Structure formats: structure tokens, C-alpha cells
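Before we start, here is the structure in question, set down as C-alpha cells.
By letter and in written order, the chains are A, B, C and D; residue numbering begins at 1 in each of them.
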């Protein structure tokens, strides 16, 4: 085990009633890495993220975060330890203002609220303009930015992003990927679950390929991009 | 037959009908207390028709059922797919309005009550004949396309709509069927007791029926067949020293059952298992 | 005109009580996702606590504290039952309705068996107070003043808490999306318990004001008020706080006007009839469901 | 998965065992050929919001039984009151009546009107004399001869009482009557109005909604009609609350208020207190008149009810038990189950025409199930105590 390992998932299985959603999954994320989970809809990416965060009950296996066992811990405790999830579908508290959303994000980290707010506004200048606007009135892209910003307000050690590009225009997606890249440069560790394999593989350092609840391939993204199976199934190439 | 047994069996039959009439709309997630209003209307109609017009019993039963259907049909155009609690309030409201109407009708005895409904011979076997018939119809409904569609609606209306189920029409169907059952129960009730009083139809009735439905199990029609006789019998058998705590015992029973056995005493899974065991047993014998 | 003004005043003081009850009821509906039908019954129970304390002391502060404390304690004490219920059934408000109806029955029976031999309790005459203002048919008692102004203060404090404080933000977040709230690290169970406590606090205050307004209480009071609270909440749209505010007040005024102007037993029937029409036209309630 | 079903089956099993145990305990008792005690069932409302009323009715019946047993019972055998709870549910009333209807000599109750309506037809069919003494003539008369009326016909005794009050207050021309539409109260209100009309007082009705929480609006409405006085035909607690509201709206002359007999109940006094001073009320006996029996009754009642006084409704079933005692002693009733049918009729016929019954407070006679010489008393309330103003004879 490397010293800098931040998140370690060991042989996790999850069932929804009689249906097995995850089968013996093991992944690892190191400090300052960008790791991607790719796979089709229903491959189990979201379930895995939920299982890590304790939203979804794990039947067997172990989840270690910063060396602590967090398997089936309560979600708020895990979030408090520094695990931030940016959920699928750019979810925001739509009846509340942008500022209130950000304040909620800082629930566990209220001490240097103003500094954090400044940092976040630096990355997302558009939010500063909308600070007193109700979150429900923002555009899809802005909501996604708010969702990310809200997560950053808690200064997480690890940022998990679920389906970043879903329902957003390609241009906005590129913009947000750029911002995530910046964040990584600033020291954030990122775990990314995406259907959009091409873009993700270009962006991440390492990736796990998931199919029907199992990890079928893993490795550095450059290697994976040249893997014939990946090229056929995910990159739309005939070769 | 001893009067205790006679009334125990009769009320059990009537309450099973009433519980079923709550059970059916609950298949699509609605607590349809309007059925108590149907019961009230058809009970008063039956009493009146029997005493004043001397109608034959069979005709009264038919018209009583029609009255139940009518009372449920009209609002169902608006609340066929309404949220559960809208249905609750509309039910309570109509009960209240009908009660006020009865209280202000001297012909129905007003607040004093309606006396002297003539007796009918063989009421008990007739009751059970009708209960069995109603049960068979409900069984058919439950195991038809309608029953399966209702199960989907119960879990999620949007999914149901996406699957092409007409949620409103389905809700209307179950509400009207419930009205028919309640109308039948009301007629039998009037003839069984022989007198009516507006206060007969109040929150307490709803509470008792809910207790019976949820204790028995709201996921199948069979639950109430177990819970109604038990709860009816309990009150007869409680020693008089604790009789005054009967309500408390009822309430606690319900809370405990709902907490410990979420589906009630009889659940769908249990039935499936039972079925499996029986058929398994048979196949073993054959081997 | 004089009669109308008099009835309006009556309606407002009664309405402010309904508003408080509807708010507490809606808060638990929004945050804990339950229908707490027994909430008005709990408030009546707290009125009994007031009455009990008053027999030993006439220190107003002690009475209020006892009322509030008892309502919070009981309301928080039943939270685990609903939590277990949610664990077993998922967040099914229908089942919570069934269970809380049983609780209401329990509370009523405890009051009618054990407390004051089941007789109605009466609060000291000074509590209700004589008219502090009177001209012709318009009269305003100290009790009404407490109910009206106390009610306004409590509602203002409640909305301040909800819209201007950190805890209030958290409560609103859970009511909007509890899954998202837990993902960003908000402790759900702790906050739900908090919502029971706040509803208990409101209930305890309501009990004191109700005691001053009515001057007495009986075991059946919870049922009388309970139906109206649920009706107002549904009419507004379940869990709609601002709608509940409007409908609670309207209910109080409508009730006063109906009794004041319409023929006896038909007055409530007409009120119900109006409600029926509204519900048939707008099944989601006047202001829409927020739960 | 196994667990869930096991639990369900276990639940069913526990319920079944419970049921069998209970059945054993209550049905298993062997019945002796000739009774060694007089068992009198009492169908009463012991649960729900009005359980307090049922409680004191039961208390008074048990009190009478206790006294009788202290003095050697009836014909040497002790008497035992057995309580059957009906709540306010018609269904329970019928089922409880069904339990006793074939085996009891005579019974007490049922208590609230809903239960009378439901259970009495069964008693009539099976020939059981059941004393529905706590209700008015309208209900009893439907079930004659299988019950008795505790009061004379409504119009015959209510109208004179109301008229007597109007005679005390000669300047009244217009009276508002607060009427709650419940059971026979509307017809009692009509009787009041008739009585007032007979002395030239006009009556206007204001209906009291059963589920009203506050009464200010009602009082404003009544006062707007500028009446000279008020008459109350509604629940005791509501009477008290409306009088308090009247006071708030500046109504000073309490002597212009008359309260009907059914509201002569504890909640009136505990809720109304000082505000009742000077109000008139009519009822069927004079609690201030001391007799030794009434004194012991009162003392014991207070001891068991935290110092609260009994009211005129508290003694009804006490007198009933003594009526049964006298009926058994004066006839050839043996209690032998074989002669049940005949002995039931003996008791019935004796009680229906009992002469000079010595009640706890006064003596009266019955004629065909109706009291023939029972009048009422008009009182003024002073500090929670009723002071008799006049005795009103019922119309013949």
C-alpha cells in the first residue's frame, strides 16, 4: 500500500434486494490524482459513489478513507471527514439563493467562510454576480458550477463528481472540465464518474472501466485509450 | 344460535366488506374515507325504504349498492388521481355534510335517530353469501391487469403514467368499486341493527376500520379476514376490569403491529411462501 | 359593520392559534416527512400541564417553561417511533398518519381516564382576563390579546429562525431534498429531531396562549382542533408553510364568520362545502404541495 | 428473509394464544344452576372522550351495590354490578348487549344515545328489561315496555320549568335560546320555547355548533338581536363558556339566564365558576336538602373524585339499583335461570308501576314506565351551590 493512498475500496458488493448492483469492486485513489470511472449507464458507477459515501448500504467489502474504515458510516460523518460528492444532474437547493447554497456547503467548515467564498468566486466568477438569485433560476451550466462550488466550500480532501456532462452543452462541459483541471492543479484530488469516455480519458490520469457492476479494465488513461476493447466500446472507433 | 355469536359473525362480515372497500382504493395509494359516507347514505336509504315503502330486501340491496356507487362516482371525476390526503379530506367533508343533512331531515329522524327498521330473515347467511361473492370479485380484480396496474401506481404514479396506465381512470374504478362495497355494507348494517343514529358514522368508525386494515395487512385482501375477527373478538373477551382501557389497547396493538410487522399480519410474501410450501408439498408427495 | 368588526377580531385571535398549530404540523411534515395528526392532542396535553403547574404556583414564567418543556419532551420522545416507522416502511406519510391517529386516540383516552377524572379543566379567571377594550359589541379580552400578539410574535420568530439562521437553512435544505442534504454532510437525524423540538416549542407556547384564549380544555379538544389543522394544511397544500399561514388565519376568520352569520349546524357544513369545492377544483391545495 | 415470515407467523400465533386465553378466562366460568349472587350487567360508556360521565354513573351503581351488600344483600344474596364498556360505538353496544341479553334478569344502561339506539332493539326482541335511565323520554318510549323513562314526557315537565323562570323575571319579552343539535335536545328546546310562550315570552334560537372551539362569534350574534334573557340547551361545558363570553361582552344580569337540566353536570361548575353566580338552572332534585343517605353518598363521592361534588345526574343508577332491589324483594323472583323469562317480566311489571319509590333524595311513583309525580326544581346558582327557588310540578 502506497503511503499517499487517499481512498481505497476493497472488494465491495452491493445489492438492491435480489439484484446485485456491485460485485467485488476494488479501486484506489491517490493524493492529487484524477481518477475516472467510465462505463455505460447502469454499469454501477453512481452506486459505487453512493456506497463510498454511505448513502448506499454495502453488503460486503471495505471502504477506507485516509486510512480510516468508513464502510457503512453515516453520510454526514463521511462528508465531514472530507469526502465531497457532486451529484448527478447538477442538483442544487432550487428554492434557496446561491449564497444560501454555498452556506449550506460550508456546514462543517464555517470558520474561514469568507476566504473560501473568495476562492470559490475566483474559480466561478459568474456565481458572484448571481449571489442573491434563487438557485432554481440559474441555467444548467451555472447550476452545475454552483453544485461544484457548494462542495468546495467544505474544503474536501477528495472531490467525487458524478456524471458531470449530463444534460449540458458541449461548450459548457469543456469549460467545467477546465475548471476541474485548475482545481486539480491547486491540490484537489478528483474521482470522476462519466459516461462521456473520450473527454474523460483525455482529462484523467488513471481510469477504471465498469460493466454491469464489475471493474473489467483498469490502468493509465494513455494505455486504456489505445486498448482495442475500449476504443471499440467507448470511443466509437472501429479499429 | 346465541346472540353473541350471531352479532359477532354479522359485524365481522360487515366490517370485512368495509375494510375491503378501504383496501381497494388503497391499492392505488388513496385512503378513501368517502366509503363511510356511502355506508351512511345507503344505511339510511335502506331503513327508510324498508319501513316507509316496505320494499323487498333484494331490491333495497341493489339500490343501496347503486347509492354507494353514485356517491363515489361523482367526486371521482375530480379526485380519481388526487393525492392521498386530498382524498382523505374530501371523504371526511362529505361524511360531515351528509350527517348534517340527516340531522336536519325530520323524515330521517333528525338528531333523535331513525327507529323501527323491520327485520329480515336469514340475514346472517345472506351477509356471508354476499361477502363471499364480493371477495371473489375482488380476487378477480386483484389478479387482473387492473390489479397489477394498481401495484405500479401505488409505488410511483409517474412510472405508471410512463407505462401507459391511465392513473385517473384506474383510481376512479377502484373508488367506485369501493362505493359499491360500502353501499352493500350500509344496507346490511341498517337491517342488522334495526335503528340508525347520525353519530354512528364518525371518526371512531374510521379509526376502527383503519386499525383492522393495517393490522391485518394492507398489501393483500386476505389480511382483514384474519384481523377483523380477532379485533372484533378481542373486545368481547377482554375482562371487564380492563374494559375501559380497550381503546388504548387497540391503539397500542396497531402501533406495535405497524412497527414490528410493516405489512401487517398477512403479507403478499407470506402468501407466496405459503403457496410455495403447499405446492412444494404436493410435488414432494407426487415424487 | 360593528358586528363584522367584532367577528373579525374573534376570528383573528382564533386564527392565530390555528396558524401556530399548522406551522408546527407542517414543519414536521416537511423535515421529518410525517403526518403528525396527534400534534394538536399534544398541545392539549400541555394545556393540562399548565393547569397542573398553576395549582402549585402562579409564576407565569414557570408555567410557560413547564408547558414548553413538556411539549418538547413528549414530541421528541415519540420521534424514535416515527424513525423506526420510516426504517420499516420508507418515508410513507400514509402509515405515519395511521400511527399518529392511534397516538391521538391514546392521548385522548389518557386525558379522559387519568387527568382530573376526565372532567374539563379550567384556568384561573384572571388568566382569561376581563375585557381590556370594550365598545358596544366589540370586546377584546386579555386572553385574546395574548393569543393574537403572542401568536404574531411566535410566527415572526419561527420565520426568522427558518429564513435567517443557520439551523433554519438546514431545516429548509432537508425539506427540499434530504438526500442532497446528507451528501453535503448535513446530519439528517439530528436535524429531524430538531424539527420535532421546534414543533414542541411552538406547541408549548400555543398551549399557554390557547389556555388564555379559551379558559378551559377537555379531552375532546384535541380531536376538534386536530381535524381543522389537518384540513387547513391540506387546503393550503400539504407542507406549504406560507400557504399554511394564510389558510390557518382564513380558517379562524371563516369559522367566526360562519358561526356569526350562518344558521347553526349548517355553518360548519357550509364551511366544509366551500372547502370541498376548492379541493375538487385544486386537489393539490391552494398553494401547492411542498412535501 | 426467513425472519420476516417467522415474525408474521409468530405474531399470528401470539394473537391466537391471547385470544384463546381470554376466551378461557371469560367464557370458561361454569354457571351454577341457582345463582349465589345477583349479577346486574351495566352497559356503560367507559372509554373515549366522555368516559368521565360513564365513570360516575358506574360509580353510583357500584356504590348502591356496596351499601346493599353491607346490609346483607338482596334476599340474602349479594348483588354484583358487572361493567360492560360500549364506548360511544353502536357496534360495541350491540355486541355487549348480545352477551347479556339471554342470561340476565335485568340490566342497566346503555348510556349514550347512540348505544341505546343500537342495542335496545335487541333487548326488546329478546325480552330483557334494561333501564336506560340517563336519557330522555323520547328514547325510552320507543322501547316500552322493555325500559322505563326516568323523566316525565319532555313537554310535560320542561315547559313548566322554563315558564317558572319567566315568572320570576317578569320583564322579559325576548329570549335567545342556545341550542346544540344533538340527540333529543332540539325537542327539549321546543318544550322550553312552548313554556316561555305560555307566559308571553318570545324565543329565538341560536344553534351551537358541536365542534366550535371559541364562542365569541356566537355571543356577538346573539347580542346583536338585543334579547332580554338567555336559555341554554347545550353541553354543560359549552354553557359555561358561553356565559363567560356573555360576561366579557358586558352582560351583567345573570338572573336572566336559565340553564337546562342536562347541563347540571360537573363541567358546568368547574368551567363556569364565578361567572355562574346568579344564573338560574332547573333540575330534578335538590342537592342542598340533606338526607342521611344523600350525605353519605356525597361524602364518599367527594373522597373518590378529588373533592368534586356529585350532581343530579350522578345518582341515577344508584336509584336504579335500589329499584331492582325492591322489585326482587317484593316479587317472587328467585334468580333461577330456568324461570328467567317469567321473572324478567315480573321485575319489569313491578318497576313500571312501582309506587312510592324511596329515592336517595325524594320519593316518587311510576305509572306504565313513566314517573307520575316527579316535578323539577328551579335553582339559583351561588358560588357553585344550587339554592332552590321553587318546586315546579309537572303538567298532568
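Keep in mind that, in the parts below, a residue touches a chain if its C-beta (ideal position, glycine included) is under 8 Å from a C-beta of that chain, and two chains touch if they have at least 3 such contacts.
What you are looking at is a predicted structure, and each value in this text was computed from that prediction instead of being measured.
Participant: Pick the pair with more C-beta contacts: B-D or B-C?
Facilitator: By number of C-beta pairs in contact, B-D is the larger.
Participant: Could you grab the centroid distance between chain B and chain C? Build each centroid from C-alpha atoms only and quote it in angstrom.
Facilitator: 31
Participant: Go ahead and note the Å separation of the Cα centroids belonging to chain A and chain D.
Facilitator: 74
Participant: Where the CA atoms of chain A average out and where those of chain C average out, how many Å apart are those spots?
Facilitator: Distance between chain centres, rounded to whole Å: 43 Å.
Participant: Residues of chain C touching 2+ other chains?
Facilitator: 109, 113, 223, 227, 265, 268
Participant: Multi-chain contacts in chain B: which residues touch at least two other chains?
Facilitator: 103-104, 244-245, 247
Participant: All pairs of touching chains?
Facilitator: Every pair of chains in contact is listed here: A-C, B-C, B-D, C-D.
Participant: Spell out the part of chain C that touches chain A in their complex, as residue ranges.
Facilitator: 166, 169-170, 172-173, 176-177, 179-188
Participant: Spell out the residues on chain B that touch chain D in their complex, using ranges where they run on.
Facilitator: Counting only chain B, the residues touching chain D are 2-4, 6-8, 11, 103-104, 110-113, 115-116, 119, 192-197, 199-200, 204-205, 208, 226, 230, 232-240, 243-247, 257, 260-261, 263, 265-267, 269-270, 273.
Participant: Write out the stretch or stretches of chain B touching chain C in their complex.
Facilitator: Touch residues, chain B against chain C: 29, 31, 75, 78-79, 82-86, 88-90, 92-94, 96-97, 100-101, 103-104, 203, 207, 210-211, 214, 244-245, 247-248, 250-252, 254-255, 258-259, 262.
Participant: Which residues of chain D touch chain B in their complex?
Facilitator: Per the stated touch rule, the residues are 4-5, 7-9, 11-12, 15, 19, 22-23, 25-27, 46-48, 51, 54, 82-85, 87-92, 94-99, 101-102, 113-114, 117-118, 120-122, 125-126, 138-139, 142, 181-187.
Participant: In the complex of these two chains, what residues of chain C are touching chain D?
Facilitator: Residues of chain C touching chain D: 3, 6-7, 10-11, 13-14, 108-109, 112-113, 116-122, 125, 128, 130-131, 134, 137, 139, 141, 144, 213-216, 218-221, 223-225, 227-228, 255-257, 259-261, 263-265, 267-268.
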